[in-house]
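The structures considered in this document are given below.
You will see subunit A twice below: alongside subunit B first, and alongside subunit C after that.
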Partner chain A sequence: MDWSVVWHYRAAILEGLVYTIAISLLAMIGSFVLGTLLGCLRMTHQSVLNEAINAYIEIVRNIPLIVKLFFLYYIAGLDAFPSGLLALVIHQSGYIADVITAGFRSVGAEQAEAGYTLGLARWQSFLYGLLPQVTRITLPPLTSQFIEVIKNSAVVMFVGVQELTFATQEISQMTLRSFEAATVATVIYGGLALAVAGGMNRIGRRLDWA
Partner chain B sequence: MAVLLAGAWLVRDWRWSVVWQASPFLLRGLGVSWELAMLSAAIGLASGTLLAAARLYGHPMIRRTAAAYIEVIRSIPQIMIIFWIFFSVPPLTGTVMNAWPAALIALSIIASAYLAEVVRAGLLSVPRVHRESAYAAGLGGTTTFVHVILPQALRNMLPALIAHIVMIFKVTSLVYLIGLVDFFRATMLVNNRDYAPYPLYLTMALVYFFCNFFLSALIRWFDPKYTLSA
Partner chain C sequence: MQRRTSVRWNALAAVLCAAIMTLVVARVAHAEGTLDKIKRTGVFLAGVRYDFPPVGTIDLSGNPVGFGPDLAKAIADKLGVPVKYVQSTSQNRMPLLLNGQIDAEIGITTPFKSREETADFTIPYAWDSTTILVHKGDDTDPKHYGPPKKVATTQGSGNIDVFKRIVPDANFVLFQEYPDAFAALQNHKVDAVVLNRAATGVALKSDPNLAVGKDINRDVWGILVRPDDSKWRNFLNWTLQDLWASGEYQKIYAKWFGEQPWFPMWSQYGLQPGIGGAASCCGQ
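After this line comes the complex of A and B, so read on.
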């Protein structure tokens, strides 16, 4: 074992890490916004809209991420980074929409009705009554969804985005030190997952206090 | 711009004959995907059950080891695990790994960690009193686990189990990386030879969709109220 290769190629690893963090963060934000939008729209009980969203979720969940990625890259002809980002956003939004819907279901319609009886408008009841409760309930499953985004971000190496997995594979192919390279990547991914879990935990505590 | 778009639309070729001619090859790839998914799900379920039992009822050392294994596997990308098994472990052990066993081992490891959590949730869903009453009836630890806890847990976790098998089926597409000709790689190879991406990619998406839709339809059949959250 020769760990000096890790230090020698630190710049490449760091660059890969930056790409991983950038694409994961953007994909988290994008899939959260899109997933929440879909999850909330499903709560409006418009049957046509509901059917459309259900179909979207079903399609998104049943097709592997790599297939979506290749579609966006080779057929839609996007660049590597945008196609990777879009694939991650589309992929995770299907799961996050279900998390949000489940959150709303668990809070229950009577909470909204209680808001109406207090004389709150529909949006007030939603904003002050439902949303804080839903946020608190959905936080743990959202955490695992966000960790899922980081893990899935490794797939974008297939179209040539030079993220962490790509970088460490390059290193292992150049130096034939695949054990060291894979260990570094594994440790970093574990650290990123812990960081997300820790961050979400902090947000959760902030919410409990409020 | 409009002219360009219209031109692009016309130039696209929809040679479905390519898909038709290559269908035996594609079907063989699909067979590999199914085989890989089902075998690794079976191995994963067996070892996942052991891991879950170890994590719940084991000696503190065993408990911690099982938990560490599960959490580490679940927190790193699936591609990394495939890389580990195919590229990083063989030099250490001085062996050469073929694509098929490497893919099977990697997917089984992935499946075991994810399914262990599914089984654990299932085991936790069985009320404590059932175990206590089994002990009170004079059953031993193993008998209680196999005949009292596990059957109930299996029934409770069935929807989540199938949801994870869908996940495993999707992950099989990643073995593309190590050169195994699964359905995904088969499609790519045909595309490299005949270059007809539109019909080929569309076929690929549809086939994956229907395979997984079939699996997730089973969930709804078992439990109509279940929403996927794997």
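After this line comes the complex of A and C, so read on.
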């Protein structure tokens, strides 16, 4: 074991980390917004809209992330970073939409109906009655989804985005020290996942007080 | 409170995982030399490429074929044992070697100084050159591919340094595999692919609208072996020269590259004194 190679490549690792954090954060926000929107729209029970959303989710979940990425990069002709970001957003939004839908189902229609009997409009009942409960219920599965985004973000190196995995591969390519490289990647990804879990925990605790 | 504890446990688990990985790696010690191990187990485990024709690829039934597999077979014949092929990639070749899953890697590994600090190499067993692949009709001089033009190659490729010697501010897009770099060229994402001449044949065969540019630099390949195993490395060095002396090497080379080797083995003055009888000339 020779950990000095890690230090030697610190600039590359740091730069890769910045890319990983940037693309992951943007993809989390994007997929959360898109997924939540789809999940909520599904609750309107408009049959055409529902079919369309179901089809979207089915397609998105059944096509591997890398295929989406290659499609956006090579065929749609987007640049490397945008195609990577969009692929991550589209990919995770399918799963997040399902998580949100499940959240709504677990809260149950009677909660919305309780809102109506209190004289709330439909949107009020949704916004003040359902959504806070759904958010609380879906936080743990959303945490997994966000961690998934971080792990999936490594795929963007296949179109040449020099993110964290790319940077650690550089170590193993140039010095053949794959164990050190893999360990560094593991520790950093683990740290990122812990940070996300910690952040979501804080949000969860604030929601509990609300 | 409950949640905070669980986060702390996660952190502990992560540290434990890292510690276990370290232990697993530290376990890899090599008391027995590779040559003795091969004699004992009766098989030569050869790391060969599956993704780099004509050096190493697989045929329709999934068997490794190419210059590397044939050379490995020739070495196994000298050892008097059967050969077993193991797929090696740029990423896994070192772990495979250190774990003992392969005894040598016969791929397209150039002995960088930084690589030699971790592993050992035999004498150069083949020469190649760095060149560019461009669209037919485009400029074939690599010097003219500076910014704003983009050039593609694979991550960790020795060709990056070679190309930067003539275009220091080159605008590189780095892919994981050559087929991705070719696709980027075909889709006009990049203006050229920097690659080994040995890899251009496949690209030209699949797309007649591409053309090969001028050579930039010469490049050698070595057989990758575990460090500090002189007996095994000597055996390979001598066997390579024996195969050259008997003409078998040249036959294998011609079969896969379509021409006789244009480079000498060991030195332009002949083989190492003591090898192959009369074929090693000139040494006083």
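As a working rule, the second predicted complex is superposed on the first by the 210 of 210 C-alpha atoms of A that agree within 3 Å, B and C clash if a C-alpha of one lies under 4 Å from a C-alpha of the other, contacts with A are read in each partner's own complex, and residues count from 1 in each chain.
Convention: contacts are C-beta pairs under 8 Å (C-beta built on N, C-alpha and C of every residue); 3 or more make two chains touch, one makes a residue touch a chain.
Just so we're clear, the structure is a prediction, and the values are computed from it rather than from any experiment.
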Clash or fit, subunit B versus subunit C on superposed subunit A: clash
First (subunit B), second (subunit C), both or neither touched by A:175: second
Touching partner for A:74 - first (subunit B), second (subunit C), both, neither: both
First (subunit B), second (subunit C), both or neither touched by A:186: both
Subunit B versus subunit C as contact partner of A:21, first or second or both or neither: neither
Partner chain(s) touched by A:160 [first = subunit B, second = subunit C, both, neither]: second
Contacts of A:151 with subunit B and subunit C, given as first, second, both or neither: first
Contacts of A:198 with subunit B and subunit C, given as first, second, both or neither: second
Residues of subunit A at both interfaces, subunit B in one complex, subunit C in the other: 74-75, 157-158, 169, 172, 176, 178-179, 182-183, 186, 190, 194
Parts of subunit A lying in touch with subunit C, wherever the complex brings them together: 1-2, 73-75, 77, 80, 157-160, 162, 166, 169-170, 172-179, 182-183, 186-187, 190-191, 194, 197-198, 201, 204-205
Of all residues in subunit A, those that touch subunit B in their complex: 58-59, 61-67, 70-71, 74-75, 95, 98-99, 101-102, 141, 147, 150-155, 157-158, 165, 169, 172, 176, 178-179, 181-183, 185-186, 189-190, 193-194
In the complex with subunit A, residue positions of subunit B that touch it: 72, 75-80, 83-84, 87-88, 91-92, 166, 170-171, 173-174, 176-177, 184, 197-198, 201, 204-205, 208-209, 211-213, 216, 227-230
Of subunit C, residues touching subunit A in the complex: 3-4, 7, 10-11, 14, 17-18, 21-22, 25-26, 90-95, 98, 112, 114-115, 117-119, 152, 155-156, 173-176, 180, 183-184, 187, 189
